[in-house]
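One structure, as structure tokens, below. Some questions next.
Letters A, B and C name the chains as they come in the text, with residue numbers starting at 1 for each one.
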Amino acid sequence: MRQDVIKLGGFVLRRALWLGLALVVAIYLTIIIANMGGALDEIRKTEIRGDVAVSIVMNPANKGLPPSVLQQMIEAELEREFDRLGLNQPFFPKRSFMYLWNAISLQLGRAEYLRSDAGSAQVRLILLERLPTTLVLFATAQLLIFFVSLFAALLLSRRYGSFLDKLVIALAPSSAAPGWFYGLFLILIFAAVLRVLPWGNMIDVPVPEDRALYALSVAKHLILPVTAVTLSNLVGNIYTWRTFFLIYSSEDYVELARAKGLSVRGVDTRYILRPTMPPILTHLLLVLITMWMGQIVLETVFNWPGIGRIFYWATQASDTPVIIGVIVIFGYLLAATVFALDFAYAILDPRVRLGAGAAAR
Amino acid sequence: MGPAQQQGNMKKQIRNWWGGLKSLRRYPSLVAGLLIILAFIVASLYAVVAVPYSEAIRLWRGGPGVWDENPKTAKPVWFDFFTTEKLSRTIRVTSQDQGAVHVEPLDDETDLVTIELPFNYDYDTFPRELNLFTDASTSLSASIFWYTPDGRVITIKEDREFRGATETYYISQDSGLITQLGNRLPHLVLFTDPRYEERVLKGDYQMALIAEVPQGGELSAKLVVYGEVQGLAGTDHLRRDIAVALLWGAPIGLIFGVLAAVGTTLITFLLSAVGTWLGGKTDSALQWLTQVNLIIPLLPVLIMFGYLYDRSIWTMLGLVIALNIFGSTMLTNRAMFLQAKESPYIEAAQAYGAKNFRIIFRYLMPRIAPTLLPQLVLIVPSFVFLEATLSVLGLGDPVMPTWGKVIYDGYNEGALYKGLYYWMVEPALLLMLLGIGFSLIGYSLDRIFNPRLRTV
Amino acid sequence: MTRNVKSQIWPQPDDGLSLTPDNGPLLKVEDVCLHFRASNGIVRAVDNVSFSLDHGRSLTIIGESGCGKTSLARAILRLLPRNVETYTGRVFLDGTDVMTFDEERFRREVRWVKMSMVSQAAMNSLNPVLKVGLQVAEPLLLDHRATKQEAVERAREVFRIVGIPPAFLDRYAFELSGGMRQRAIIAMALVAHPILVILDEPTSALDVLTQANIMNALKKIKKELNLNFILITHDIATSSELADEVICMYAGQLVEHGRADPFYLKPLHPYARKLMASVPTLRIEKKPDFIPGQPPSLLNPPEGCRFAPRCLERFERCQEEPPLFVRGNTAVKCWLYERD
């Protein structure tokens, strides 16, 4: 048992390092793309200009000086600052690494137009503040889809060729359309025409004081976006996973388990579900990544106050620092997702954590 | 081979083809999907031929003079089938065609020009708008009168000043006229039956312009009575016929989706074959690049690139392919190639001294190639919707009329709030249909080609 | 070990094997039929097979691929697929007709407990994500047959019997070699102290050296546990090492059942004779024979003797299906042995 835990720990560590490196490279690539036209430099320079101007004008020692003199002082100071921070030097490699370090440590600068709830212009604060709301929507939808898909797929794999099975196969192409797409129709039907559910946003206005009412209001606002995502993903998931279960149900060890006298539940959980989890998890990773990407438009369409909607606002308002900041945060989110799934993989599949090269000795 | 034999061969070939086609009947979803995609291809060809590319761009850019005769946000004409009332359509009367021009010399220097613009109004609902387009050679003044079918005459404007140019008189928005008519909108009042409020007076109407024109001067006029319904797909807030965008959305969506799918699938296939076969460092590098690619958030990076540099659809296409090459299909392909690599016939090929290139291209790739087709087809909808997503966010190609763009416009103009559902539903349905078409084909192909499913 | 209610279901190792009130045969199969529904008809995989096996005797069933050997094993153990059309007959285990048991009772008292099976292709018979030891011990953990402690002990014990080091209890399937996996499967079949083990082609997927190892292990098990087993194989050479009696099957029917030595030297049924003639021998110089034609499809077996179309000794009587005639210690399904 201890051996297992140690091996697992080693695997986890190795994966974390590997992914960390991949994350660094991904962000570095993003930075290179972003600064191909000098956008990052521009942002930095604007920031510095602002800081320098403020510091010189506000300096009580400079009070009373004529504007032209102040201007000259600002320019001189700017030159010095630009030089000091290496903004006059080529991008590679030093400055690019500086930006890289800033990005990784989430020093994402100041936003040009957008502000956080408290009024701060710090991109990091603006984004991290919105992260929980995004996670609420994402996690709710994800958990719902995961468990329903899993049980439905398992059930369906035993009813191959039945009407339900054929129905699922017929409806599987519904996964072609992303969540926001169904969202538009849902809003049209339930909010515009039937008027039973809210148009969007996360909470009623005025905000309910009572905790329970607050939770209820959030739940009510969750219905349409979660349904939209579910419509887009559920049947496709069920179809793919049911196919996996079908393939893995006809394995020899399943037959042997039945022959040994295991109950249907025992066979299902230990001999069908568990060995099939690895390919399911691989497929799930792709689904999750797609859902993260769809989160942006979903939040925009439903006016859900999360990172996706901020990203949209940033594009409309041309707030470049926020745009880049969101990409960095998304990088982290995706890396975390990959890591979480790798971890689950390691727990479920001994071949992964012990290394398939551990052949018979 | 004699002619009789050739004929026999041909008959046999035709029979084979027919048999092959008939066996497709076993897969109704495949047939359905193929029919849908075929319809879209036909529509695309029609689009490219009937409204050439540059024309489509010009139309979609709009601007003065392009869509003047269309009402704003009008519903599609087929809405008429579903209402008991006869919905109003756009009527256009020009002085050159249906109208009449009488010229009477007043004195040596001026003529009295009377332009009569008659039309018949037979609809149950009111028009949306009333505009008068004039083209005068010099500046002049004219009076505008309105003749109703029940014999009333309403003075719209006495001695309105016209410059010597093309001009538009937005009758419906003339605040003076609105006040004059009792604080009610002109396009409603001018058509109301005086006996019943809210009821349209049907019959022959006429608008008359009486102007004093200097000798030799010219005046032409065009009256447009804007209807509630217009076009096969309705119009948007810029009076553009949505059908143009719907039509042209088909080739754009198809080309983008198919090119992106083909590009990514083929390149990934090639790279995974080479990487898996060469093994060692190449394989590890490929795997690692795939990991990195997984973490790069595709959509935000695309958006950032478009925002910072270039949003044209071809740039986006290239970027999409570049960022998808090391996607997840690389891993699935790699798994299959790894399995195939262990096959005895590969070993045999190595034994007889086949070079890497030969093994990869003649043995490995053809073996796995059947799975390419369903992979490719299934991934087309994601790219079609990716392009739509970019457009819906307002970050797509700035000049091309795509379905996503129509949805974006609709959403921004509050189509859902204003009940203009057709605006968003039409492009959405087309998107859905295209996606479903490819999905149907893809899922059927998957069932046909997936070797593991055969044993089930 | 403590005596408890459970011991009525499975015997303790020191009990010996004859726990029957009468001294009848261990296994008596009577008119067992197993037909499957296929897309183009009914496959008569097992057609009225009858035989009996005494305590302390081991049996081998030989025949070509597709003759119904595996189906017979499954019929005895009631391991039926979904498309069963007919399943009749009587199977007496120690004097009790287990065909009358309902599924639940069969599962609880007979399958794996009294009779177990080692099937072909052990390569994939082990769950890749569970520890091997757990899988071997699993039958004991069902229905509260034993505590976890006892089950692990027993697993360790059977591992020793089949010759796998106990450390491998905690390993996973991919860490075992092919031969070890097969041994693990055999261990799994032995874990609940069955009185009868059916082995279906236990060595066909293995290389010759491993085959020999497994056969030796089986011999050792037979001696140590005094186990009855039925060995199903198409490899006549291997079968000859272990068996006391031989059943030869053809086209879903039992065509000869006799003692091993006489069978191998001089079988009675024309098919069996051709079969033995086709086996290359080490010491006697002979040209290997072959049987012309193909075995009949089990969808539409011919009327009368099913081997008649290929039999060189057929005559008019063969148009009618022969019963099983007894010649001394052998039963033969052939008209040639009618008079005796």
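Just so we're on the same page, a contact is a pair of C-beta atoms (placed from the backbone, for glycine too) under 8 Å apart; a residue touches a chain by one contact, two chains touch by 3 or more.
Quick caveat, the model's predicted, so the values are computed rather than measured.
Novice: Could you split the other chains into touching-connected groups, assuming chain A is not there?
Specialist: When chain A drops out of the picture, the chain contacts leave these groups behind: B | C.
Novice: Using the mean of all protein Cα atoms as the middle point, what chain has its own Cα mean nearest that point?
Specialist: Answer by centroid distance: A.
Novice: Give, as an integer number of Å, the spacing between the C-alpha centres of chain C and chain B.
Specialist: 70
Novice: Distance-wise, how many Å sit between the C-alpha centres of chain A and chain C, to the nearest whole number?
Specialist: Measuring from centre to centre gives 57 Å for this pair.
Novice: Based only on mean CA positions, could you tell me how far chain A sits from chain B in angstrom?
Specialist: Chain centres of chain A and chain B, defined by C-alpha means, are spaced 32 Å apart.
Novice: Could you pull out the residues of chain A that touch at least 2 other chains?
Specialist: Not one residue of chain A touches more than one other chain, so the list is empty.
Novice: In the complex, go through chain A and note every residue touching chain C.
Specialist: Contacts found on chain A: 251-253, 255-263, 266, 270-271, 274-275, 277, 348-351, 354, 356, 358-361.
Novice: Would you tell me which residues of chain C are touching chain A in their complex?
Specialist: 77, 79, 107-108, 111-113, 117, 119, 121, 123-130, 138-139, 142-143, 172, 174-177, 180, 185, 188
Novice: Which of the residues in chain B come into contact with chain A in the complex?
Specialist: 29, 288, 291-301, 303-305, 307-309, 328, 331, 381-382, 385, 389, 392-395, 407, 411, 416-417, 419, 421, 424-425, 428, 431-432, 435-436, 438-440, 442-443, 452-453, 455-456
Novice: What residues on chain A touch chain B, complex-wise?
Specialist: 18-19, 22-23, 25-26, 29-30, 33-34, 36-37, 39, 160, 169-170, 172-178, 180-181, 184-185, 187-188, 191-192, 239, 243, 246-247, 250, 282, 285-286, 289-290, 292-294, 296-297, 300-301, 311-312, 315-316, 318, 320, 323-324, 326-327, 330-331, 333-335, 338
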